[in-house]
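Each of the next two complexes has chain A plus one other chain: chain B in the first, chain C in the second.
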Partner chain A sequence: MKVFKLAASAAILAWASAAQAQTPLTMWYHGAGNEVESKIITQIITDFNASQSDWKVELQSFPQAAYNDSVVAGALAGNLPDILDVDGPNMPNWAWAGYLQPLQIDDSRIATFLPGTKGMWNGQLYSIGLWDAAVALVTRQSTLDELGLRAPTLDQPWTGDEFMAALDAAKAAGKWDYPLDLGMAWTGEWYPYAFSPFLQSFGGDIIDRSTYQTAEGALNGDAALAFGDWWQGLFQNGYAQATQDPADRDGGFAAGKYAFSWNGNWAALGALSAFDDTVFLPAPDFGTGAKIGAASWQFGVSASSKHPEGAAAFIEFALQDKYLADFSNGIGLIPASPTAAEMVDTYKAGGPLSVFVAYSASQGLVRPVTPGYVVQAKVFEKALADIANGADVAATLDAAVDEINADIGKNNGYGH
Partner chain B sequence: MASKFTQSNRTGWLMAGPAILLIAGFVILPFFLAIGLSFTNQRLVSPNPTEFIGLSNYRQLLDVATLTLEPVRDAAGELVLKDGAPDYPSIRSLTRNNPDRPDLAGMREWFSFSTGGAARTVVLARDVVFMTAIVNTFVFVLVVAPVQAGLALGLALLINQRLRGINIFRALYFMPVVVSIVVVSLLWRLIYDGQSGLLNNLLGTLSFGTLPAVDWLGNPSTALGAIIAMSIWQAVGFHMVIWLAGLQTISPTLYEAAAIEGASKWQVFRYITWPGLRNTAILILIVITMQAFGLFAQIDVMTNGGPLDSTQTIVFQAIERGYGKQDISGGSAISVILFVIVLTISLIQRWLTRERS
Partner chain C sequence: MISADTQGLRLATRYAVLVLIALIFVFPLVFMVMSSLKPDQQLLQDSGSLRAFLPVGDISLDNYAAAFQRAPVWTFVFNSVLITGVTVVLSLVVCSAAGFAFVFVRWKGRETLLAILLATLILPFETIAIPLLLMAANLPWLGLDGISWGWMNSYRIQIVPFIADGLTVFLFVQYFKDLPGELIEAARVEGASWAQIYRKVVMPLSGPILATAAILKFLVMYNQYLWPLMVTQEEGYRPVMVGLQYFFQLNVAWGEVMAYLSLITVPVLAFYLYLQKSFIASIASTGVKG
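Then we have the complex of A and B:
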């Protein structure tokens, strides 16, 4: 009996010292509550910890809604983990605030990655994504045939006029509650992510990207005013609803309430299972090229990490094609590399979602790369909601410009 | 020197200690911090050093100006009519890049009125959203305070009877108070839903389908009213209990005496119940006023201040700016303004309800 106890404690000691040889690295992730996502990330960590003897990654997951607040609170308390994930457009804010440090990984590892997955700020790579996301105009081939519409392609997307003619045809057919589902129920980051590309296609922008010091002219110039009038017209002329029931956003297209739905690749599998003939059309071109938002969640290393080389080693490990493919298979995201895309049935060449890879690569435009984006996104969201509800277009956009410029001033130009 | 107060109250201090520490840490300290920060450019997230900027935050929030708009006239001095009404130059052309009035840069039309004649007077504000928030908050307080207090008193009178099963009614009326305001707001969002909400279905059925469905929270003219109604319903039970406590302090001998004297029900209420509730009434009025000024959770869950700013409130703006837009100093300035407003109103209420000797 005694011998057994001794042997057991010796075994525990041996195991404990083996574990201690690995330096612990803490990691925060935004995917708490999503079982599939948690399983994949845990698998990567287990594989990494077993693959080498220097580092041991310990994961702490947060619900997405509370994640950004937790990071800000953690940073204010001087308590950030070694590895954290960050939503693409927020990255410059955290890099500027000193939460993140440049990511030391080999450039050749990410040479073929989609452009939206690389988080660049001040000429340096701060974060890298295992996936990207893209938005498309979801409809059915039967709808296009019924309304007699040309199927747009990546090379020849619909022009603004063709797009409006399509909505007119759908409205006249009277088969749907509304011709277009924009996802107005998804307040928050969806607005700048999904709708600012329309503004950019008109020729405007949230901010003047040549200096990042003013929104004057970009958000209230002629192109922006044209965008604003068009946007307001969508709601005033009954093409779309300004306030939407969240349930309609999730199930309205499948229930046949909308002819077209402006939605992301993460909802694509659901749309495919609703209708066999679902097609994902490229964004329309309103004058200066068709645009969609790029950049999703990415991994970075906190500035306070004592072991950035270990953190970078983990991130490099996670960039393997098989993990990119796992995330894509599990939760429908676009794999960051073409080789990984070939490993995923839905995204490989000829797969039903492969168009998203092409859209992401050729239409994707990152949101303004500036620490002030977090504020500009909120201002833009409110302006779009107000215009949709009937506010004066020019006055609303002017007010948004003033607020953005005042914020830039208060922050001494955000370090550009 | 150990006074009686500190010595023989040791147990008292010990018991109050935890609460005092918590209040000091989470109420008193932030209060003074907010006052201090409102004079700086403190950000939530920023590598820049904090600088003292004086009253700039307050000026940004409270600045107003007036502008007289003359209608557009042609060369002969005749009014240029547009759709049958005089045409005015756009405010935009006067406030943006206008070398004559650089002070108007960044201001927006808040409201306008006409004092007879063709000219219109336009009131401009630097922060129209905040001005709207102040007006909305006052509307909310002015409606909620009397209506909620009155309803609560009515309910308290109803359940202050010896009836079989009266506790069931007490529990029913009190139930919304116990449920988290966030949960209540989520439920009412479903009730108010513009397409298939409970309220629309109910009204539709009662009116045999003649009443059209209303998007209660999506329509600028109904959103604030909808939130007022829901807020009154939610907290009325709490004040009912306070009224009830007040009612039960009134000596039954007074009622017996009134019965012997043959007083009518109204006379009993007017000359016995109401005077006996005086202090309760003051308490309830002050509590409701303060709670109503703090309106936040309903807005955050149900409307986010929209549509068209019709449900912006002062506290929602303070949090939206301080946390959402990372502008701690701006949010602090709003908190200080709210503090001054509530303090002023409380002092006025104290003065109006003072004991007159």
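Then we have the complex of A and C:
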């Protein structure tokens, strides 16, 4: 018994001294209030801290709605942590502003990751995501059959004309309140994430990506005007609502109010539980290829971190397939690697959501990779909301271009 | 000569109007509490009808249990009550003393300083938030473990910047100007010091303005969002309004939001009820005028 006690004491002392030797690494994460997400990230941290004796990650969680403001305030106060997560399209801004430093991890670890999960800025990797998100046109097979519509595929998505013909058919059927649910109840990042790919499919963009110095021609050229007219027509011709009750966004498709719903993979299981024959169709092609938004939340290392190698070691540890699968099972997002996708029933080959992996890989287009995106996204959102509510298309897009260009000028081109 | 019937009718009409006005003000609170007892689907269905104000359907405390599961509600409430309580008390002391000095004590430059102080009323907090943050991040603090730098993630950073403000000083100045000057003069003749006059003559007569200033300061402090968001990265120091953001995930659980709001409204209502009595008592005991 005495020997056992001595051994136990020695083990405890050894563990305690190892714990003391670990250098603390602070980490901020946006998942406060999300029990599932918090549980998974806590598990990863616990596993990492137990797996080695050099580093000990300490987590501070923030509510997502307040996260970006907290990081900006923390940066101003010189109080950033070692590790932080960042929404993909915001990453260039944070890198440009000096909040982040390039992420030093083994390239081979992320070679097979979905393109949208890699946060690249100025030719360097700054952040990496454990998952991506994708949007699809959600409907029912019975709806397609009833309206006599061809089921579009990744290789042969609907053309713009076919898409409008489908909406016309749904409208003529008179069975639904509206043919299309665009999710207008969701504001903020949903607008550029979900709707700018339509603009890009028309041939326009939020900004001219060849220089990132102007939106002239990209957001108010012929393609953009065609997009604007089409966008406004959706609402003026009764295909969709310009303003939507949030309850309809959450439950309208399941309640049979809409024939088609433009929605993300995070809502897919809900749609499947509402209707057995739910199908997720690829985005339509309006002329220059079908596009959907890419890039979700990603991990990076703060520029002020005194231990970037420790922070990178944690991020690399978190990239294990089992954690990617845990996040996917927990919050429904697409695992970043194909091997992790195979570990998730819903996303593995033949799984009910496996199409999202293919959509993300083939149609995913990251939002403009520029520090100015944070402003451009808000300008774009306002312009689209105004056009949906009847504003003159050309004048609204011209005004948006002026606002974006003025912001770029004020910031000396954002370092491009 | 007005008949008893006419008087009764007028009284009934007056009460009917008062009840109607009271209902308008009470409805949002009733909606909040009733909604906190319903599952989300029913809550949204009922929101377009009078059922929203009634405890009907699938009623339970599930939303409250879920709210406690989602966020450390008591921590947030404790933090807000502590920060608000300490700030209100210190503010009443500091601002009333400042008001006293501006009104009763003659000193050089007081008119100019008062004008500058009042000018700060037009400055929204947002304009000074960033400079204040930069200062706060570099302030020294003498704690048990010696001197440290930076006040981030503490209660004091949420209290100290709000102890003194132009509006509260202004309220005291205006109130003190209306107090009978003879009282102060009599006390001076009797040989009382300024501190004694402040403590034993002026403050006992200041019940109404203390209650008013306390209510206004309480509301401002309890509803703080931007500043605590900027200075508290640690969950243990966050107040209720930052905590509210925990409930706004992609799909908002409205029942939990209502349960949380119902819970955090309790301290506000309790404070009002307490001060309502103090307010009436203060007026009743202020029989000095005239």
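A few points about this structure:
As a convention for this text, the second predicted complex is superposed on the first by the 398 of 416 C-alpha atoms of A that agree within 3 Å, B and C clash if a C-alpha of one lies under 4 Å from a C-alpha of the other, contacts with A are read in each partner's own complex, and residues count from 1 in each chain.
Everything that follows uses one rule, which is that a contact is a pair of C-beta atoms (placed from the backbone, for glycine too) under 8 Å apart; a residue touches a chain by one contact, two chains touch by 3 or more.
None of these values were measured; they are calculated from a predicted model.
When both complexes are overlaid on chain A, the residue A:93 reaches chain B alone and has no touch with chain C. Once the two complexes are overlaid on the shared chain, A:412 sits against chain B while remaining clear of chain C. Chain A is touched at more residues by one of its partners, and among chain B and chain C that partner is B. In the superposition on chain A, A:303 makes contact with neither chain B nor chain C. With both structures placed on the common chain, the touch criterion links A:366 to neither chain B nor chain C.
When the two structures are aligned on the shared chain, A:65 is found in touch with chain C, with no touch to chain B.
Within the superposed three-chain model, A:74 lies in touch with chain C and out of touch with chain B [touch as defined at top]. Residue contacts after overlaying the shared chain place A:243 against chain B, while chain C stays out of touching range.
Residues 69, 76 of chain A lie at the contact with chain B in one complex and at the contact with chain C in the other. Against chain B, in their complex, chain A makes its touches with residues 69, 72, 75-76, 93-94, 96-98, 187, 242-243, 245, 248, 374-375, 378-379, 382, 385-386, 389-391, 394-395, 398-399, 402, 406-407, 410-412, 415.
Residues of chain A that touch chain C in their complex: 28, 32-35, 60-66, 69-70, 73-74, 76-79, 81, 246-247, 250-251, 266.
Residues 41, 43-48, 60, 90-92, 95-96, 106, 108-109, 128, 193-196, 215, 217-218, 220, 304-309, 320, 323-327 of chain B touch chain A in their complex. Interface residues of chain C facing chain A in the complex, by the touch rule stated above, are 41, 44, 69-71, 130, 133-134, 136-137, 150, 152, 229-231, 233-235, 242-243, 245-252.
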